[in-house]
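Both complexes shown next keep subunit A, but they swap its partner, so subunit B is in the first and subunit C is in the second.
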Partner chain A sequence: MVLRLRMAEAKTWKNMLNSLSALVDEVCITADEEGLKVKAMDPSHVSMVDFEWSRSAFDEYEVDKPTTIGLNIKEVLKLLRRISGESMELSFDESTGRLEMKLIGRYTRRFTVSTLQLTGEEIPPLRVEFDVSAKVTSSCLERTVVDAATVSDILKFKATEDVFVMEASGELGEVTVELDRTSEALLDLQVRQPSEASYSLTFLEDIVKSASDLAGTVSVEFSTDKPLKLNFDVLQGKLIYYIAPYVE
Partner chain B sequence: MRKDKITVFSRSKLGLDLARLIDDPMLAKELSPSNVDVSYRVPRGSLCVLCKGARMLCGKARCPIVVRLTYYIRSLSRVRGLSLDGSSPPSVFVGRIGYPHVYVGPLTPPVHGDTSIMDMPELWFGKPLDEIVEYRFSLVRGRFRTRVDQPMGSNRLLDEVRDLALSSLSVDVEMTFRRRPRRVFILDDEVQPFGASAPVRSLRIGTLKLDYRLEKAYSDYDLKASEAVLDLYKSGVPVSKIQRAFSVGAFGELKRRRLVPTRWSITAVDSIVSKALIERVKDNPVINEYRVYESNYLDNRFEILMLPESWSYESIEAWYPGTVWNPRGEDVAMYGDYEGYYGRTTYADMGGCYYAARLAVAEKLVAEGRQASVLILREAHPGYIMPVGVWQVRENVRNALRKPPLKFDRLEDALRHIFSKLALPMEAWLRKSTILRNALHQRKLPAYY
Partner chain C sequence: MLFKKLVDVFEKVEATTKRLEMTDILVSLLKETPHDIIDKVVYLSLGEIYPPFIGLELGLAEKLAVKALALATGVKEKLILEELKKTGDLGQTGENILSRRKARPSLFREELTVERVYSTLEKICKASGKGAQELKIRYLAGLLANAEPKEAKYLLRIAQGRLRLGIADMTILDALAIAFCGSKEYRDVIERAYNLSSDIGLVARTVAEGGLEAVKRFRITIGRPIKPQLAERLSTIEEILEKMGGECYAEYKYDGLRIQAHVSPEKVYLFSRRQENLTEQFPDVVEAVREAVKAKEAILDGECVPVDPHTGELLPFQVVAHRRGRKYDVEKMVEEVPVVYFVFDLLYVDGEDLTLKPYTERRERLSGVVTETSRVKLAEYIVSGDAAEIEKFFHKAVQEGAEGLLCKSPKSLYEAGKRGWAWIKWKRSYRSEMVDTVDLVVVGAFAGKGKRAGTYGALLMAAYNHEDDTFETVCKLGSGFTDEELARLPEMFKPYLRDTPHPRVKTIMKADFWFTPAVVLEVIGDEITLSPMHTCGMNAIRPGSGLAIRFPRLVRFRSDKGPEDATTVKEIVEMYNRQLKKVE
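Our next item is the complex of A and B:
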């Protein structure tokens, strides 16, 4: 069994793990001939991540048979805190169950971590149709979510023909962000029928904070009182989150 | 703990005599301190001076100050002169004022024999409030000031106190004081009961029999404090004993050992132990139904709801709800804190009770081998005339969880039962409770497969 990956920027690997750490502490990564894949749900079953990193994202990608690696991302991220402009080589030894991360810069650092035996349950696909799809800049979404989280724990998304609104209200006050077709932050808006739905800011905040560094834009898709889909436009792969609705 | 009650104390020490304090002449005479020194301090806005124990302005079932004074005077009238001879349960107190320069000292009642129950909250559950107040007030505290990181062997008094804290049995203690033990009475209804204290001149401690388990951790200079706490808990040492040894700095790597104020050490031990237990809970299968556990002690009503979900925890307390006495009418004082599956990184606003109850809950789930999301609702009613300590919460919740639960298939039925037992309506709790709101409103993804 061979699993060896090389990337020019070690930071890529760190960002990728970061985007998963929003939902889970432990994760099961599948590597096959197409690339790396992760599908994971947080312990409370409210949010989910669907992640793929295609082999073309790597400078070298060598996997001879599909392999799953269970990782404690929290611990791995602690090791990766001090990386800067280095390149990285990942290799996995199935017999010892150890993952090696070799950081190559002005000198070489080699981190070896043991992997976990995780019994990842197969997560079936969600069957939801989305009536609204709004493409916004991820910085706009991030700012809105952080602002909203200061007044409430619920963020409401609303869309009509020409306007996409995000609003939150709590004891402290209200936050409203209104985007119409003229605003620069709104790149595209498709509305099959006017919809509104609310989602937990606890999940939104964690997700948006860790994912918006990876993509400049994000598609926000939802229907009235149905799950939310956040599709971040990452370069070589996909990064999609789902959050179950909060229904008053 | 009620935070809005931490008022600024007026600096003036008023020499109120008891007749001014208490309207009832018979009671005043009975409490009259012939040979006991009592002085008072009045916080700003205190109702007690107006009330004088007769008008029940605080709304409580009995006047907490009269109760405290009764036991205070009863206990101190047995202490003659500048010395005290008695058996310490064992008990020590480490203050927090002035940290890292704190007051430390042994607590001893003026009686001999097996006094261990006086500092063993695990045995207090079910006892009437008066008995607990009496325990508290019987203990006279000798104190001296020291730095928290004073090395071992450099202060003889401190070394004696540390040994005392590790004893497995009551210990004979002889103390002489620099002046007569006394206590400044703070005329506020929210102060915890505490006995008299005086600066120590000398201290003699009788033959000790150290608890071998505590001693083992004590003499291990490489064992981290949190690991020591967990080892001791696993070997069955009661939390109150671990906490006592923790407070005198008996655990940890040698150079990092230090005194920990009693109040902090109680919460530290509750927090360390429950955190470790919760990690085990997360590996257990989730319960299959909604469960309600109940307990009512010292007029503290607990309703505990377990939901069939992955671990999360919330604790909410309401003070004196639904009485005309609530000073702010509808605005009942409510405090609550929540943690999700991955726990919390900040200290819970509501303080030690959060961690004490979390320990009781985690113990139960580990013992049963199950996992659940747990919500604790507590109402403190007027019969709870003064806070007696965090142990009340820990033992009250433990008591609730010892009994078989009421099981419900539907959340609605569980809630209907709970709110038929509590004075505050569901809406009030809903405003505070993350777990309740999520249970009612937050959908889950598997519903959309």
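Our next item is the complex of A and C:
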């Protein structure tokens, strides 16, 4: 069994793990000929992530058979806290169950971590039709979410023919962000029928904070009282989050 | 196996008050349960996740469980708390809320299985460190989001460590006997396995997979506590000797923490009377046991007692009680409350099960395996059939800080988990509380050890016998001094030093230094007890016994008083009689 990956910037790997750590502490990463894949649900089953990083994102990608690696992301991220401009080589030794991260910069650092035996949950495909699809800049979404979280736990998404609205209200006050077709932050809006739905800001906040750096734009898709899909436009792969609706 | 099935059983068990019916319900549950998860089913039925000695318990704070319920249902915490006020039980609250609310903020719904419930509860148990609370909430919410109303009720109760179905361990053992051995009469065999391992899940799995034969082969394992043998109680030595068949081991009954120590080449484990793991809280005992035990593997039974490091005297139990349940400041406690582990039994040594050997033999083997050190000692005992001799020993024990005596039948085997007449405790039926201070004369001193090397560890104190114009000893005083006072003592007593006891001093004790009676100290104690070791009021209450002060402490120096102004023997005898009360 061979599993060896090389990337010009170690930071890429850190960002990948960051985008997962929003929802889970432990993940099963599958490596096959197409790239790295993760499907994971947070423990409360309120949200999930569907993540793929295609082989073309790596400078070298050598995997001779599909392999799963269980990782405690928090622990790995602790090790990666002090990286800067280095390149990285990842290799996995199936017999010892250890993952090596070799950081190559002005000198070489070698981190080896134990992997976990995880029984990955079977996650059925989510079949939902979305009536609204709004493409916005990640920074707009991130700012809105952070602002909204200061007044409430819940963020409501609303869309009519020409307007996409995000609003939150609580005892302290209200936050409303209204985007129409003239707004720079709204790149595209498709509405099959007017819809509105609310979602937990706890999850939204964790997600946008760790994913916004990875993509400039994100598609926000939802239907009335149905799950939310956040599809971040990452370059070489996909990064999609789902959040279950909050129903009053 | 679906969790729903287990919940149906819980419902039935809750609805019955008859133990036999409860047993029947459990028998059919156990028969239907796949063998590889029978341990989990048994733990869950008892509202637990692991046997007690693992030291991991559920017990999610109500506040967090409410948050989980809110997250799982999308119902505001405030509304949940209002409902909770009405029902008074979060389980019921959860059931009510879920049956009113069908929509859940969950991406998927799937029926809960016992396996998933158990492994998720395990994760809740084990989550620790930063972010652990949030993680626990999310795991529980994940279960609740998939739960039917009734399932939610029990999930919430289990998560809070409050299932309380009223299923006793013994009921489970009965049910195991009927389900896998065909009859309740095999309960004893299964119970023995349970008493030897304290792990009901392991026993269930053993009997389910291997039947009666496998349980019969059950062995003691280092690291799994044996349930301790317990003692009955009688109030006179005559009755005790009669039960014992004329002769018995009479041991000090130390007032401390019962601890079972397991020694293996890799590790030492300490377990409480209720099989909690105390290893982390008593690193000093772990070290001391390692040092004292000569065998490769051994299981010892004994009592951990707080001891004054300066005088070597026993201290009241409350002092050691502070040390259990401690997670922080363990190091500090080791220093402040040093303990001595008094061992009295050897249950297992190098592959040999001694629980089936008589006490005489176990006691003998014990002294071969344990080398006494300053921190591990063999419990004081005599073997006797003479009531007067044992009674004298009893008073000595009490005066030295023990609770009384534990009398053991020489031929008895170690009956794990049983309370029987093979061990009988004899505690005081009367005690005389000390309410006033007394003024006592210093007549001698004992050399100090450890920190007190070079000065005195304790002073020998006496009361004044006005009739005879003598001084009669009443206690050893080592507590209540400041470090400065202690350091000054040798200098202070230099003028009064002599080689032998002063002719006016009546003493049985042998001190290291003797003084001319001159210095008076004010002293308070917990109570006045009978003692064969002190001469104060000798024979006044009981032949062969004087009176002594238990747990004495210095109040202040009385330089204004001369030795003849000290509290008289007559006054102490009166104090004893006045305060004498029956002990319940």
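Descriptive notes on the structure:
The rule is short, and it goes like this: the second predicted complex is superposed on the first by the 248 of 248 C-alpha atoms of A that agree within 3 Å, B and C clash if a C-alpha of one lies under 4 Å from a C-alpha of the other, contacts with A are read in each partner's own complex, and residues count from 1 in each chain.
By definition in this document, a contact is a pair of C-beta atoms (placed from the backbone, for glycine too) under 8 Å apart; a residue touches a chain by one contact, two chains touch by 3 or more.
Not measured: the values here are computed from a predicted model.
Once subunit A is used to superpose the two complexes, subunit B occupies space that clashes with subunit C. Residue contacts after overlaying the shared chain place A:M1 against neither subunit B nor subunit C.
Look at A:R127: by the touch rule set out above, it reaches subunit B but stays clear of subunit C. Within the superposed three-chain model, A:L235 lies out of touch with both subunit B and subunit C [touch as defined at top].
Contacts of A:K226 after superposition on the shared chain: subunit B is touched, whereas subunit C is not. Contact with both subunit B and subunit C is seen for A:P245 once the two complexes are overlaid on the shared chain. Applying the stated contact rule after C-alpha superposition, one finds that A:L172 touches neither subunit B nor subunit C. Listed for subunit C are the stretches 22-30, 202-210, 292-300 or 328-336, of which 328-336 clashes with subunit B, judged after superposition on chain A.
In the superposition on chain A, the residues of subunit A contacted by subunit B and by subunit C overlap at 25, 41-48, 124, 126, 200, 225, 227, 242, 244-248. Those residues of subunit A that touch subunit B in the shared complex are 25, 41-48, 124-128, 153, 200, 202, 225-227, 242, 244-248.
The residues of subunit C lying in touch with subunit A in their complex are 68, 71-72, 74, 103-108, 120, 123, 135, 137-139, 141-142, 145-146. Those residues of subunit A that touch subunit C in the shared complex are 25, 41-48, 123-124, 126, 200, 225, 227, 242, 244-248.
Partner subunit A is touched in their complex by these residues of subunit B: 282, 309-312, 340-342, 434, 438, 441-449.
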